[in-house]
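Below you'll find the structure I mean.
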Amino acid sequence: MINPGIIYLIASIILYMSKEEWRKYFALITAVSTGIILFALPQGQYLQLPFLDFEMILLEVTAVNRFIGFIFVFFSIAAVIYGINLFSRKDYCLTYFYIGSSLAIIFVGDFFSFYICWELMTISSYFLIFNNQKPVTRETSYYYFVMHLVGAISLLWGILLHYSAVGTMALTTVKVGLPFFILAVAIKLAFIGFHTWLPKTYAETPFYISVILSAYTTKVGVYSFYKLLGSRQYLAYAGIVTAVIGVLLALSQTKVRKLLSYHIISQIGYMIVGLSVGTAIGKKGGLLHLANNILYKGLLFMIIGAVIYSTKGEEDLINLGSLFKKLPYTTVYVIIAAVSIAGIPFFNGHISKLLLKKGTNDPILVWGMYIAAIGTSLSFLKILYFGFFKSAEQEIETKQRPTKGMLVGMGLLAAACLIIGLRPQLLLQILGGVKKEVNYFSLHYLWVGLQPTLLAAILLKLAYQWVKPQPHKSHPFDLYKLLGRGFNYFGSKLSQWHNGNLQRYILWILTALVLLWGQALI
Amino acid sequence: MTFKKVYSLGLIFLLGILLVVTFMNFNQNNFNNNYDLSEYYINQGVQDTKSINLVTAILFDYRGFDTLGEATVIFIAALIISLLTKRSTSSLVYNNFSPLVYQNISFIVPFLYIFGFYLIFYGHLSPGGGFAGGVVIATIFVLLTITFGVRRTREEDVLRAKSLLENLGMAGFVIIGLLGMVSGYNFLANGQAGFYLGEAGKLISAGTIPWLNLMTGIKVGASLSIIFNCLVREVE
Amino acid sequence: MNEMIWLIIGPLLIAFSLLAINLYLKKIYNWIIISSSILTFILSCSLFRKVLIKPLAYSLGSWEMTKGINLVADPLAGILIVTVALLNLLIIIYSLAYIEKNISKYYTLLFVLTAALNGMILTGDLFNLFVCVEIVSIVSYALVAFRRNHKAYEASFKYIIIGTVGGFFVLLAIILTYHQTGTLNLAQLVVRSSDISKVVKSGIISLFLIGFGSKFALVPLHTWLPDAHPAAPASISALLSGIVIKGYLYAWLRTLLILSNPSEIIASNLNLILIYSGVITLLVGHFLAYQQQSLKRLLAYSSISQIGYIMIGIGTLTKQGMSGGIFHIINHALVKSALFLAAGIFSEKIKAKKIKSLVGIGYKTPLVALGFTIAAITLIGLPPFNIFISKWLIALAAIKAGFIIPAGAILLGSILALSYYLKVIKAIYTKKKENYKIININWRLKIPVITLTSLCLIIGLAPNILLPKLGQAVRYLLKSKEYYQILFTG
Amino acid sequence: MLAVQIVIAILFILGIYTILNRKNVIKIIMGINIMEASLILFLIQLSYKDGGTAPILDKEYELIVDPLPQALALTAIVIGASTTAVMLFLAIKLYKEYGTLDISEIRRLRG
């Protein structure tokens, strides 16, 4: 009986110490065996540990977290296979630490260990993002860490309020200190307005790292949203805003990984909608969408990674083109992924989007999702067309082929997309199953699923000039940087007061004395 | 008058008022009944320690530990000063005084020694004690240095000897304190540990107090002359 | 065998005989130093074990309890003594490889410092407390000036002026106390503090706070610290930041709670002053630390901010908050020493004093840099390290006592701390050139850093080793009547 | 008694005034010594009793002043003197390093 995350955490230390040739096998064995252990875990609370003046529950298994944990482990296998020859020792160690803490956070049952895992995730992902060769990552990782710490502190503050009001540490839906929990979760899952860290970091790390990052951080945010905030109608509206604005921002990007990053934000919006509308179907749809999103978004990141790998660093849609000749396998995968994310029937995106639609009754939300779906389809048509099929003005050179590991990794995820798309019950069983009332493949639903893509295709034709990737300013207004500057200004003023004059310092002491003494007398 | 000056004057004025207010509020009522400690010292001090100088009795017996502390402070002060002095420079090699000065100083030195050691050894009988005596002894070195200068070659040796003496004085203080522990009592125990206290008013009395005085005297004398030597070196 | 007195006179004796040993027994010099500090550590541990069962008192000169000076050891003193001895041991190991000039004087100062700190923690007499405080101060001035350059002199001069003025405030307060009560014995003061007239008492307490406060660097009395700590050798900065200012804090806390009990403090709103001065201290410390270019100066400002956390914990005047504050004292002593020692390795062996020049150090000395990084992460207050636990305890206690803003400030402090420690970590792991050679560093320099950082992790993972004992320690602080009983009924 | 106490207060604030308003390092040190003197005066005043003799009991005396504050005063004097010595030494050093004794110019450490 052990928290699957802890296996990974221990493995990360062993990986750091193990020999070069054994490392990848060990990594794979760990991942696979964790998956097996996960299946064997019975539901309930285990591993209680007294700490300070409360109990830490290190393992709490429910249908939901087993479902998410399963997806996490599966993705980690695929990601490790994908990057098996690219990871260095540091990467292996940090990756496993990162995955381990995000797995652990899914399975813990009290706020304290929840917070600890939350922070461990932040720390390890900081070092993952921090790349000693690329100067820009120093800034972005700094930004990432500070922003996430703001979230974490907000979470901690919420926990403190909750604990002092309620008196127990058990992980439940919170009632006290809700705004702080919302802020924490919002930063973690990149609500629009708190999303600025995401495109910055995911677009700048090495491609095999961004594959891993894309899957976990925000999804842990979604899980904590589900676990902590419960279903609140007003959050659903926030979710739909995130979905729509995210997709609009994505459309204006030309760098593929930036585009995908904004898409993560947008897809998160869907999940929030599903989780907060309050219906059982919506909730299941949201969770299934989470799983699907991990699969196809990870696949997309892997694909662009393969492109970067073979072109030695090219990921701008302006320069890319006609890759389908050069990277045939990758092209197959990208079609699968794009079709999945667009929600075309018989692929997994269709299923979860359908469940989400089923679960919501509010017309605003339904229309919002419709618009977002059109945007999604449009942007993936854009990737497909401009990246893979349209002939480029300057022929792009592919200097090396994607490795076998990459192809296998992508294949695993693509296969999973297909299988879920065709037999959704396989995965939904873990969640407890959905009643048969939704017939995914009825004609009506097929038509509904195809609508956005058709509209998007028409839009692409009509607004070709507008959609076409073109160079643009990529320095959006950032409130948080301004805040940082204000903080710095205040500090420098304070620093100027300390001008080294001893008499001034003694004057301060005397002032303090007179004030203190005077007020004590009066 | 700048703002800073006005402000600081105001503050100081306020502080003065606060102090005076505090002084005026002294609780005269329990002034007398509370001072049982000093009453005890006055009434029992001589019997307890056989030292008729009560200040010495308090300094070296009742509160001997404080004295160890303050001796350590001087020790550290001397240490800092000798630490921060530059090693290379040497100075005050030679001064030109009239022969009268040399004669007088030579004449006066033995008396100063006697005076210094008198202060130390009669510390428990009359005003004086280790600190005062030590200072007098230090003045001897000061005088000698000023009049006759320091011989360059011997300077290091002299300083080292003084430091050793200083250390010896400090260590001696602690060791005399330890004697109390050796005889089964606590650190710095004097009369309680059964040391011979003698008769109040006699030179050889009061147990360890004269010895502690001696150690303090050696230590203070050495420390102060080290401080002087180093300062002199530094000024040139 | 009485540990208490040996903890004071043992180091003193060693200090006084070091010169002779240096002259005549040069061969075993290092061994004597090491073995005596190990002995001190063992003694302190044994004392700690004893006081957990029952607090001890020791009368110097075998006088009756009220007549002479006493040493008193309660669990709180025991914990601090162990911390002092541990840090002293580690710093001596470090210094063996670090200090190259004036070795004998350096160790003399170090041992006197240990003795005086122990005296300050153990003493049961108000004036003796002042004497010990002055010894510690004067040794600190000396150690600050140890480097003999203009920075050291200026820093030491500022320190000495501010420290002396603060010392006079303390002395004035002590004289006033004696005037009002006719006793200097701390235990007797517990009873007689009610004799002090109200007006005088407010004066005494303010003078104590300002006097000691200017020694433990409460904002706005902190100005000497950022000059003094960086000017000293790294091993000394570690000691000054880690334990000396905490010693002053302890001395102040003890006198405060002996002269007035918690309900009185709350009635006179002093607790508000303490808590909000803590808030100001931590914010100012963090803000200024962010502005620094030099690593050690940054660390010094960070020390100031940590004093703020401790003040908030103490200001709550609840058992939980106090034990959180004291836990923070210990944790911070370990962490900050590790940071300063690592910074010392950087500045001495790699000649990197500015944050900018730290580039690539993570590849030159991987182990030390890792230690530094872990310690920095600890100090930011991230789990699973010990500072997080103490911050948690303090914040929780503050919330429970109704101080919402200070509790928030504690957490805000973490973000501010991150903003500057991350700058350092960023520099450490930045790669400019492709190949860095690993620089060989003496194991004596490495061991203390590694020990301290691993202690952080251990305490962070298992705080329950220490916490019950802290609860016991706080008992004697909050209920000064019990402190009285240690001396008078045994 | 109050007259002496007022003198003490005046000396104390005079010392602080000197520290705050004199530029010369040596004068600042003198200010500190003035403060110290006021405190020692306070200690002596504490022990004073009308008509009391010094606490040296070579004969039988009626009224003896309190010996404890005198002992404390001695300790305080010694500590003060040592600190002053160190301060003066540092002042010499500062003069050598900075070429001035003006405290407002001795401020290379700041911020």
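First chain written, first letter: the chains are A, B, C and D, and each begins at residue 1.
We take it that contacts are C-beta pairs under 8 Å (C-beta built on N, C-alpha and C of every residue); 3 or more make two chains touch, one makes a residue touch a chain.
Worth saying up front: this structure is predicted, and the values here are computed from it rather than measured.
In this structure, the chain pairs C-D and A-C differ in their number of contacting C-beta pairs, and the larger number is found at A-C.
Relative to the centroid of every protein C-alpha atom shown, the closest chain centre, again from C-alpha atoms, is found for C. Chain centres here are Cα means. That of chain C falls 28 Å from that of chain D.
Averaged C-alpha coordinates give centres for chain A and chain C that are 43 Å from one another.
Chain B and chain C have centres, each the mean of its CA atoms, that are 30 Å apart. Taking each chain's centre as the mean of its C-alpha atoms, chain A lies 67 Å from chain D. Residues of chain B in contact with two or more other chains: 8, 12, 15, 18, 21, 35, 37-38, 63, 66, 69-70, 73, 76-77, 80, 84. Among the residues of chain D, those in touch with two or more other chains are 12, 16, 19-21, 28, 68, 75, 79, 82-83, 86, 90, 93, 106-109, 111. Across the assembly, chain C contributes 127, 131, 134, 138, 141-142, 145, 157-158, 161, 165, 179, 184, 199, 203, 226-227, 288, 291 as residues in contact with two or more other chains.
Residues of chain A that touch chain D in their complex: 495-496, 498-503, 506-507, 510. The touching residues of chain A, counted against chain B in their complex, run 504, 507, 510-511, 513-514, 517-518, 521.
Contacts from chain A toward chain C in the complex involve residues 50-52, 115-116, 119-120, 122-123, 130, 132-133, 135, 138, 141-142, 145-146, 149-150, 153, 156-157, 160-161, 163-164, 484, 487-488, 490-492, 494-495, 498, 500, 502, 505-506, 508-509, 511-513, 516-517, 519-521.
Those residues of chain B lying in contact with chain A across their complex are 4, 7-8, 11-12, 14-15, 18, 21. Here chain D touches chain A in the complex through residues 16, 19-21, 28, 103-104, 106-111, going by the rule given at the top.
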